[in-house]
Amino acid sequence: MPLPPPEFPAFDPAVAEGMVGAGAVMAGIPEYLGIRTVEAGAGRLVAEVAVRDELLNPFGALHGAVLSALADHVLGAVVYTVVERGYWAATTEFKLNFLAPVRTGTVRAESSIISMSRRTAVVRIDMENEGRAVAAAQGTVTIVPPRA
Amino acid sequence: MPLPPPEFPAFDPAVAEGMVGAGAVMAGIPEYLGIRTVEAGAGRLVAEVAVRDELLNPFGALHGAVLSALADHVLGAVVYTVVERGYWAATTEFKLNFLAPVRTGTVRAESSIISMSRRTAVVRIDMENEGRAVAAAQGTVTIVPPRA
Amino acid sequence: MPLPPPEFPAFDPAVAEGMVGAGAVMAGIPEYLGIRTVEAGAGRLVAEVAVRDELLNPFGALHGAVLSALADHVLGAVVYTVVERGYWAATTEFKLNFLAPVRTGTVRAESSIISMSRRTAVVRIDMENEGRAVAAAQGTVTIVPPRA
Amino acid sequence: MPLPPPEFPAFDPAVAEGMVGAGAVMAGIPEYLGIRTVEAGAGRLVAEVAVRDELLNPFGALHGAVLSALADHVLGAVVYTVVERGYWAATTEFKLNFLAPVRTGTVRAESSIISMSRRTAVVRIDMENEGRAVAAAQGTVTIVPPRA
């Protein structure tokens, strides 16, 4: 009997839709990793990274830094689905457990807001690969209002 | 589309049932806090603490140390539902977010194993009070075999 | 070459001194555990718990819930050394690693503010027992101004 | 009165020296970020990332994913200074607090093993930029022996 998710009065489906698809690849580390946002809803976002040789460590597994960067990215990004335009999501902290090595295929990271106040969102992240849980994270995002 | 939970071949319903009810109050800090295990299944356990004046801080909210102790308790306890008799669950680490203050009623903590190998379980905990999420945790338990 | 600690303009030695000693045992879970504040300075606090049989788990080690509660307690308490009177320290989150079992003697927990802004302090905690590191924590405290 | 660091009987200065300098840039995400190991000793490692425009987020601050990836990298790397050749360091989990934004210059991440057993190391990380603490992390590395 899990609790219902929080309510998100500022959710704007057009903003969420705008996060999905072609425009979802940002410059910098998201582009380098090839992070693609594939779903976005109220307080929920899914992004994927395709495994490629360059992202493996010398032992043939996806470098943990890739999952760490992906966790950070989806932790902040999900907050933009539920704040008014002009607000900024500043990741404050997160914790990440690595559950199983990733060797091939695609990592899918699902980010969900589990609690939200005017200034803070707490988010959980589940990552899976080839039908297996590969990482789990939990963190805090500070919601910063626009400068006057 | 969350992943199915891990499989727990060592799950013994009799052990789980034995964790629920009158015998569920252990001596020491669980007894002081009045932690009662109210449900136990394969990789899942629910325990409760009734708020009483003695457990409040000077600001009238449940002392965070109570939720911290409860988190630690259910993190390890859930592992006993799915290991062979004689194995020991040693909590390695956990992370806890406080989501909302608790002032009255009962705190219900639900603990679920999200990943398990031969030597390690990763566990998530959700705590609620009066229909509201009040804390969320994630941690690791090391599974120690019996001494030969 | 570690960085110098943050500056604490609101540090009041009299407040810190008042936290040490006989009056340092608060009612509730701190009293049950016997938490004693033994040192307090600017952004730094040391508290101790004496191990007693009642606090051991069935395996003869100090229950992890005791260290969890102690971590939560010193995480918030250290902030009172450096805020103006009337401000409130609300623990937001923390992460705790258990490093070694505790069986006898005293646990000494040292809490240090490593970063502080107007609204937030980030704190590290080191716990030792019999000359050995037994736990390490890191967490966030929100600093709440007095109500007008 | 902090505790002395753990002892590291398998420390080999030649291995540590080999981690520093020209060969310290690995392929993949460490190369993309330009992570350079600048110091390595027994249970201690320092690595740096130079801020460049490509690594900034749209708000002009270093993307949190860069610090997340750097944390993951130095968390595992420091363990190689103190294990026998052939052992593998598998990062199990970590927690990261962001303390201040980074806009220019170099991020210096110092990673220290605070506790070590035969199978596990617990590590703390301090990151600084322009004389200011910008991130702090704590995590666990599993030490995996070579396959027979």
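A, B, C and D label the chains in the order they appear, each numbered from 1.
Going forward, a contact is a pair of C-beta atoms (placed from the backbone, for glycine too) under 8 Å apart; a residue touches a chain by one contact, two chains touch by 3 or more.
Every value quoted in this text rests on a predicted model; they were computed, and no experiment measured them.
Counting C-beta pairs in contact, which comes out ahead: B-C or A-B?
Between the chain pairs A-B and B-C, B-C carries more contacts.
How would you label the chain C and chain D contact, same or different, if same means the shared numbers make up over half of all numbers there?
Because over half of the interface numbers appear in both copies, chain D and chain C meet with the same residues.
Can you give the whole-Å distance between the Cα centres of chain B and chain C?
The separation of the two C-alpha centroids amounts to 23 Å.
What whole-Å value do you get for the distance between chain A and chain B if each is reduced to the mean of its CA atoms?
Distance between chain centres, rounded to whole Å: 27 Å.
Of all residues in chain B, which are in touch with two or more distinct other chains?
In chain B, residues 92-93, 95, 97, 140 touch at least two other chains, as defined above.
Chain B touches which residues of chain C in the complex?
26-30, 32-33, 54-59, 63-73, 76, 88, 90-98
Show me the residue ranges of chain B that touch chain A in the complex, using the header's touch definition.
2-3, 6, 95, 97, 99-100, 110, 114-115, 122, 124, 126, 128, 131-133, 136-138, 140
Per the contact definition, I'd like the list of chain B residues that touch chain D in the complex.
Against chain D, the touching part of chain B is residues 92-93, 95, 120, 140.
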